[in-house]
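Structure, as structure tokens:
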């Protein structure tokens, strides 16, 4: 046997990473598309998801419950942030960035004070190995990819098939016109911000049996999301998925031969390439960038 | 009109004079605090040229600061450069790196500019970790044993001497401080202010706004690199943590707190924050929570910063 | 062989602009003669503003060419065109609101007088010329106010003062009298008349009496195309133009 096994493993891991990253990035992209703001504490919502999962699994013993509770709790926190801070600064893009940087530090330090500086493990809710002929692959990882895909599909359906989704798309197109047509823009903002945060938290829950919960894990997720939305183009679900797969596979395969650090350097350099060739991202429609 | 004017000129020179005199009066603790504050305030002043004057919010300045830092550190450690030669290398490399980084990132605008500068800065940080056999990564390295005194004929500049450290810091601060005063009153500064307010209109007046933003970026980045270089010479420590995102957020916080777009704001903001963190870190480990809350409070209730508010209320002549 | 005199100041050939699904400007051929006032009129959505945005370089055409003094400028960025003398004033007043009135004009003057990218210049002549530009529109007493604090009509005058301070060869005015009082309209009309002696003016205007008073030639646009063109007296009689304006 040569290098086929590690490469296949790398590709599979890459797809799993890609699906979770797509889920996280989708939340960021959604919030930007609708509210025109960048939430720098998005990675901390992801981290909170992982931390809450650890608490729920450890004290209540149910992973499924964690997958429900963490997004709800983080969504609730996001709602509070949106109602108090973001509303007060009138969603000004730069003020939002400063405020959410502040929030990033605050959340991180609160978690450090309560959860401690340790990386804690959560065991996967189910064990089985998928037999791929010459080697086995973690059934949980396959499960993560599948659940992420289901959640992404659910978001897609929400946006394109429901009344709320229609409101969201209308707000994304033109806030003022949407308001004139009776779209409750304020509510759409609150819901979108909470939904974006909840998606990040769900991704955090899903990743925790693979990567452990750690109070500094948010920044990496944030940067990965940034890379994905820049490469894929903001506001495009398809772009987010494709970019996440490119970045994830690059990460998976390069990590087999070199270090994960190098793969992150390479995927960041991909950003430089995209900006030079297509400043709006691969699938970006937008006037925005 | 947009001339420096005698009142502001005297005001700025007296601040430098006061900082110079302070070294003879201050007790050792505050002496060393001020040494640190002045280097960091130089960094913040450079940041302010981009944020306050041109309206561009970067989260990538840690990369530019560290370009200066590592240029000095690595040339002294591996090539045996003299401090002055190492400093020159730092200036040139930070100019080149800021021009390159600016040329790419300024193709985007608004929040994208911020995201992209952050990503590139993170690449730089990861690179310093990846080549840790050269850079010693997070642990870093110290160059004090290679910093030989410079012989100036009748006296020596010894980098271990605290008076030398203080005055080096004062020097780099004064350069950044006076440069930002000069720029704010120059035709160039007026164009930058115009780009900040209404880039479309500036373009239609015939200004190549991309090129002016690049000039502001390069100026800001070179000052950041110069501060990093002096930081290496004064504190002798070179490590990855200074290239991390926290060190990009720091000048943003200091500038906003003191007042973006004012010449004295970065000094005031840096001084206040360095002292606040020093006080709080004596009874809590997580001083970063102070940074976080400060950022939220400033943006909620105090967007003009300290000097910005003073200027609006009382001292309208303040640059 | 055409002599230099025959080359129009500005010429567009088959100029088109398509936005997602909508063709705002359809194959427009426009020729502007030197030192004349040309008015473009037409209903809302006729493509007038899009056309002048293409000429000033704020928008890139989907197809077609633009020549200025016989030189192809189709691919030049807006700031290059501005420094060649094509000066555009926005339909909606566009200033630097937190800078003073004087600084707004200085920005225009120093762009022309400043040497090199760092704009080395002689402050005295910049100030003199800035004052002159303000006097021309009667804003000299408000020089030290913040531009954003001016009443609307005065903001419009400042906008025009900035354009004049650039010493344009081709001045594009997009609805300069919109929202102004009768007195202010008269001031602008007089100004344009004075200017037209040595400047070519392209004027988008809804106020027909202003158009009739100023224009040497009128271009009528509808649905992105040129419908009619000629001296005011002829255009006035044109049945198709009447049908657009009067709905008959």
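Which chain is which? They are A, B and C, in the order written, and residues in each are numbered from 1.
Keep in mind that, in the parts below, contacts are C-beta pairs under 8 Å (C-beta built on N, C-alpha and C of every residue); 3 or more make two chains touch, one makes a residue touch a chain.
In this text the structure is predicted, and so the values were computed from the model without any measurement.
K.L.:
With centres defined from CA atoms, tell me which chain sits nearest the overall protein centre.
P.N.:
Located nearest the centre of all protein C-alpha atoms is chain B.
K.L.:
Which chain has its C-alpha centroid farthest away from the centroid of chain C?
P.N.:
A
K.L.:
Please compute the C-alpha centroid of chain A, do the same for chain B, then give the distance between them in whole Å.
P.N.:
33
K.L.:
Can you check how far apart chain A and chain C are, centre to centre, with Cα atoms defining each centre and the answer in Å?
P.N.:
It comes to 48 Å between the two C-alpha centres.
K.L.:
Round to the nearest whole Å and give the separation of the Cα centres of chain B and chain C.
P.N.:
For chain B versus chain C, the centre distance works out to 43 Å.
K.L.:
Of all residues in chain B, which are in touch with two or more distinct other chains?
P.N.:
Nothing qualifies.
K.L.:
Which residues of chain C touch chain B in their complex?
P.N.:
56, 58, 77-80, 82-83, 87-88, 90, 94-100, 102-103, 106-108, 110-112, 114, 117-119, 121, 123, 127, 162, 166
K.L.:
In the complex, go through chain B and note every residue touching chain A.
P.N.:
57, 104-105, 107-112, 114-116, 118-120, 122-123, 126-127, 129-130, 245, 249, 252, 256, 286, 288-289, 291-296, 298-300, 303
K.L.:
Taking the complex as given, what residues does chain A use to touch chain B?
P.N.:
Contacts found on chain A: 32, 37-38, 85, 88-89, 93-95, 97-99, 101-106, 108-110, 112-113, 219, 223, 226-227, 229-230, 259, 261-262, 264-265, 268-269, 271-272, 275-276, 279, 288-289.
K.L.:
Which residues, counting only chain B, touch chain C once they are in their complex?
P.N.:
Counting only chain B, the residues touching chain C are 1-3, 186-188, 190-191, 193-194, 197-198, 200-209, 211-212, 215.
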